[in-house]
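Both complexes shown next keep chain A, but they swap its partner, so chain B is in the first and chain C is in the second.
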Partner chain A sequence: MHSLLDYLRLYFIIEAQYIKARMQYRADFIISSIGMFFSSLATLGVFWIIFDSIPDLAGWTFMQLVFIYGFYMIAISPMQILFDHIWQIRFHVQQGTFLKYYFRPLNMMFYYMSEMFDIKGLTQLAAGVVILIYASLQLGLEWTLARIALLLLTLFSASLVQISITVMAGCAAFWVLDAYPVLGLAWKLREFAPYPMNIFDGAFRFAFTYIIPLGFVAFYPSQLFLQPQDVSPLMYFSPLVGIGLFALTYWVWTLGVNSYTGTGS
Partner chain B sequence: MKSYLAILRGSYMIGLVYRYGFLFNIAGNVLYMSVTYFLWRSIYQGRETLNGLTFDQTYIYVALGSAIFILLKTYVDWQLAFDIREGMIATYLIKPIDLQLYNLFNSFGYALMSLSAITVPTFLLLVFAFKIQIPLGIGLVLFPISLLLAYLLSFCFDYFVGLLCFYTESIWGLSITKDIIVTVLSGALIPLQFFPDAIQKVLMWLPFQAIYYTPLTMIAQPNLSWETFLSMLGVQLFWVVALFGLTRLFYDQAVKVLRISGG
Partner chain C sequence: MSLIHIQNLNKHFKVLNRREGIGGAFRDLFSGSYRTVKAVDDISFDIEAGEIVGYIGPNGAGKSTTIKMMTGILKPSGGVLQVNGLMPYNNRIKQAQIMGVVFGQRTQLWWDLPVIESFKILREIYKVDQKTFDEHMGMFNELVGLKALYSQQVRTLSLGQRMLCDIAASFLHNPQVVFLDEPTIGLDISVKAKIRSLIKTLNAQRNTTIILTTHDLGDVEALCHRIIIIDKGKILYDGDIKRVTALFGAYRTLKLQIDDYNDATIIALQDKLTDRFGTDNGSTIAQTEEFWTDVTFDQARTPLSDVLAVVMSNFKVSDVRVVEISMENVVQQVYDGALR
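Right, the complex of A and B next:
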């Protein structure tokens, strides 16, 4: 078996080659990065315009929402950068090219996802970091070493939540003919993650907390930093949500991989 | 004309194949309409009006906006990019058909399909499940015309971006940039009345508002005067003619740089 270190080394080798190949299309990379940048700021733009007419949204100030948004942008970046290949899974499954992933002595999820490294996602990540720092300066948040460690831990967990939701939707490809609508729906849901969850009523808040836990992508973990005095101590266990969910996703992926029978061509 | 109608019929039939995807689209719309309901409810927070719009008016505007969103996405940009990259474009160029009209009718077949399978069901859900009262007025009568013009405009933008692929040979970045410019500046996400005054004035002079703001206003505020509506339609028509002409001119330039490798 390979150790984690082997995998890391392997990943760098694969991505180095991938990036070299992609750099042939430099114009595409630049345009895509610009597009990525603006499209990831769209919801924030909507909030900005709305706050022209109102002082607060369900008790949240604009700057607090900016903080949540920065958190959100960082949290969705690992999905974009490292797991982007999930969008192609329906082609591979339909056309039988998925079979090749069975024939390497490597973890299949690792091998499959390593085939794509979305460089333009780095723009999103960078924008998210700038927004988060800007908002936390404006809000005058205090950062100790422990708080920074907590931030990194919650970001790690939040990004696992986002990865899990999307990858699980992509796994539908193993059982239905066209997983695109399922993935599209999961992608649309993602846009709601930076909304304050307290605007929702019972059933929706329940669903976004326990069923499709979008709230854990940005809103709940952000509260640990925006209102540390008010959050329930349970929230400090929220990092477990991401890890648990990813374990579940990995299990679903394994089920799918084991049930796939190829296309016979 | 007959051959273009055949193209339309063909793409309508292809659209039929992907029936089960419609369910997810409708589910997505319902979710989106619910979430925007909560969002706008907390924005209004019991206020009677904001920027001259009541909650009901704003909500109809935004919810219907999501219902026509899928309809107005023609995907012509993706289709053209695919044809250019794969060299398929050559087979269209040697046929006695006009590329612009071919793409228009091809995408219009899909649009009719998604109108019947996604937009109308969403609209019915809005009225019966969400219990939204659609106010009656002349705007309601003019809405279908306005929607058709909006479709033609949306097509022009998608076609233009598709033509850009003659130069870039890649589409993702261009298409996503176009999408975001159109959705934000057209008032697809928020009624234009909410924008700061100065920005609003500029936006009214741009073609984007004719895609979402015009048809949606006809539904949300159907009791504005005849003159207002007619001038809105006039502006739409102006942009349709202008952009159709401009994209045709641009095509003549763009097609010159086409290179096809292999066959």
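Right, the complex of A and C next:
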């Protein structure tokens, strides 16, 4: 049996090797990192254009949106960096290569996800950190130790929300012949996450809060920092959303893994 | 107590009875009728530590399903299945520590990494201590020259090299049982021989139990003392290989391209063989592919040279090949009562 520490150590060893192997394709790394960086900035450009003609968006200023966007970019990075292998799951399931993940004395989700480490996601993470710091300086937010701890906790939870939504969509591969549309939809929807939820009308806002809780990837947790005085005390429980959702996702994954029969050989 | 204990084991799958055509497919969406397929149907056997068992049968016989149950992927529908006293499906992680698996030609090594790094990661996963690790790596190197491949990325290995690495890797943590599924498929003779000697040596030195599924009767002959033949989910034969070798070992198939082949050719050929060897000569004739006529015969009763002489003196033949008897043919012979 492996302890948490064993897993951490193992992850470090595997990824160190993986990164070393990837670095041989330097051009690929540089170009995809640059691409990642600019596609991150594109949404910021959209904000810029919107705010060129209107002073605020449903009560939110440009710089507040930049803060939310920075939060969003950090929150979606762990999915990008650590769970990127979920995109391949339909191939593994269809072609029977998924069988190998049963044969090691390891947690299967760990083993499966450890096979990919998306380095270019680090660019996104770094860009997110820079944007968040810049916006909070511009907004003159006050940072105490407690608030920094709260920020880290909410970021952790928010990234679990993003991971859960995507991984759960990927799990469709266990039951659906072609799970790509499901995963693609989850990925597309993510683009709604950096917007203030109050710009959406009732049905969408309800869906993004309670059904596919994209609001918890950036907007709701950001409120704890942007307007701490107005926020409902319930929001301090928002970290539980991420943990609960991930537990649900892990349960769905286990169901899928247990029902998989593989292909003939 | 035996290492693997299987008693009245079943695996049933529910399969949709598909209706024909698009309309049918649409109706299936709403009201499907299901039938039960018995992929593994009430089988029982015990395997002792140190045995090499050939688990063979034609495609769709239930081999893979049995292996998947033994390795903890599939949950049995009924019956008893214990490996080292535990039910694999309920104890996957624990069981994986004492098992090695090579499944078909899908590598379990890290595709982008050099071979040696894969072994190092496996050392961490299975917590193999450095001394045992060095000892095993030395042994693999001695047996198949693994060292020469250390720095190569797994993706750049040839199929044969990769199989050698995968098999060696499956033995690294000193497992009690190793499952090898079609380890030599698609490989040339020299690599096959290397793989067979690797398996044989590891079994002898480590007393590792090995369960081998294969289509290649050569593998079975070279490695196994015991053979279990399965077809349509049921065990047809479980016992000493010698009786089976005596059966298929003596059989050969002579493939002939006969000029001016027509419907009467097979009958004419059969008559000529009967004239020469009598009615009960054990030969069968069939046309299995276009232009080729297959004569399967028993070398003990009708030597190859004699059969060939009969064919050559009566027919105009443009091409000849001699092949070993196929798995399907062996199973057919067993059905026909050859081992009773």
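Definition applied: the second predicted complex is superposed on the first by the 265 of 265 C-alpha atoms of A that agree within 3 Å, B and C clash if a C-alpha of one lies under 4 Å from a C-alpha of the other, contacts with A are read in each partner's own complex, and residues count from 1 in each chain.
Here, a residue touches a chain if its C-beta (ideal position, glycine included) is under 8 Å from a C-beta of that chain, and two chains touch if they have at least 3 such contacts.
In this text the structure is predicted, and so the values were computed from the model without any measurement.
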Exercise. Have a look at chain B and chain C on chain A after the superposition and call it: clash or fit.
Key: fit
Practice problem: Kindly classify A:R22 by the partners it touches after superposition: chain B alone (first), chain C alone (second), both, or neither? | Solution: second
Practice problem: Would you sort A:E115 into first (chain B), second (chain C), both or neither based on which partner it touches? | Solution: second
Quiz item: Which partner does A:P233 contact after superposing on A: first (chain B), second (chain C), both, neither?
Solution: neither
Quiz item: Which partner does A:I54 contact after superposing on A: first (chain B), second (chain C), both, neither?
Solution: first
Practice problem: Count the residues of chain A touched by chain B and by chain C, then name the partner with the higher count. | Solution: B
Practice problem: Report for A:G202: first if it touches chain B alone, second if chain C alone, otherwise both or neither. | Solution: neither
Quiz item: Given the touch rule stated above, what does A:K188 touch, chain B (first), chain C (second), both, or neither?
Solution: first
Quiz item: Is A:R9 touching the first partner chain B, the second partner chain C, both, or neither of them?
Solution: second
Quiz item: Given the superposition on chain A, what is the angle at the CA centre of chain A with arms to the CA centres of chain B and chain C, as a multiple of 10 degrees?
Solution: 90
Exercise. Go through the superposed model and pick first if A:I31 touches only chain B, second if only chain C, both, or neither.
Key: first
Practice problem: Please state the minimum Cα-Cα separation between chain B and chain C in the superposed model, rounded to the nearest whole Å. | Solution: 11
Self-check item: Residues of chain A contacting chain B in one complex and chain C in the other
Solution: none
Practice problem: State the interface residues of chain C toward chain A in the complex, per the touch definition above. | Solution: 13, 59-60, 64, 68, 71-75, 92-94, 96-97, 99, 101, 103-104, 106, 108, 110, 112-113, 117, 120-121, 124-126, 153, 181-182
Quiz prompt | Parts of chain B lying in touch with chain A, wherever the complex brings them together | solution = 18, 20-21, 23-25, 27-28, 31-32, 34-35, 38-39, 41-43, 45, 50-51, 168-170, 172-177, 179-181, 183-184, 189-190, 194-196
Self-check item: Interfacial residue positions of chain A with respect to chain C in the complex
Solution: 1, 9-10, 13-14, 17-18, 21-22, 96-97, 99-100, 102-107, 115, 258, 260-262, 264-265
Practice problem: In the complex, go through chain A and note every residue touching chain B. | Solution: 25, 27-36, 38-39, 42, 45-46, 49-50, 52-54, 57-58, 120, 176, 178, 180-182, 184-185, 188-189, 192, 195-196, 199-201, 204
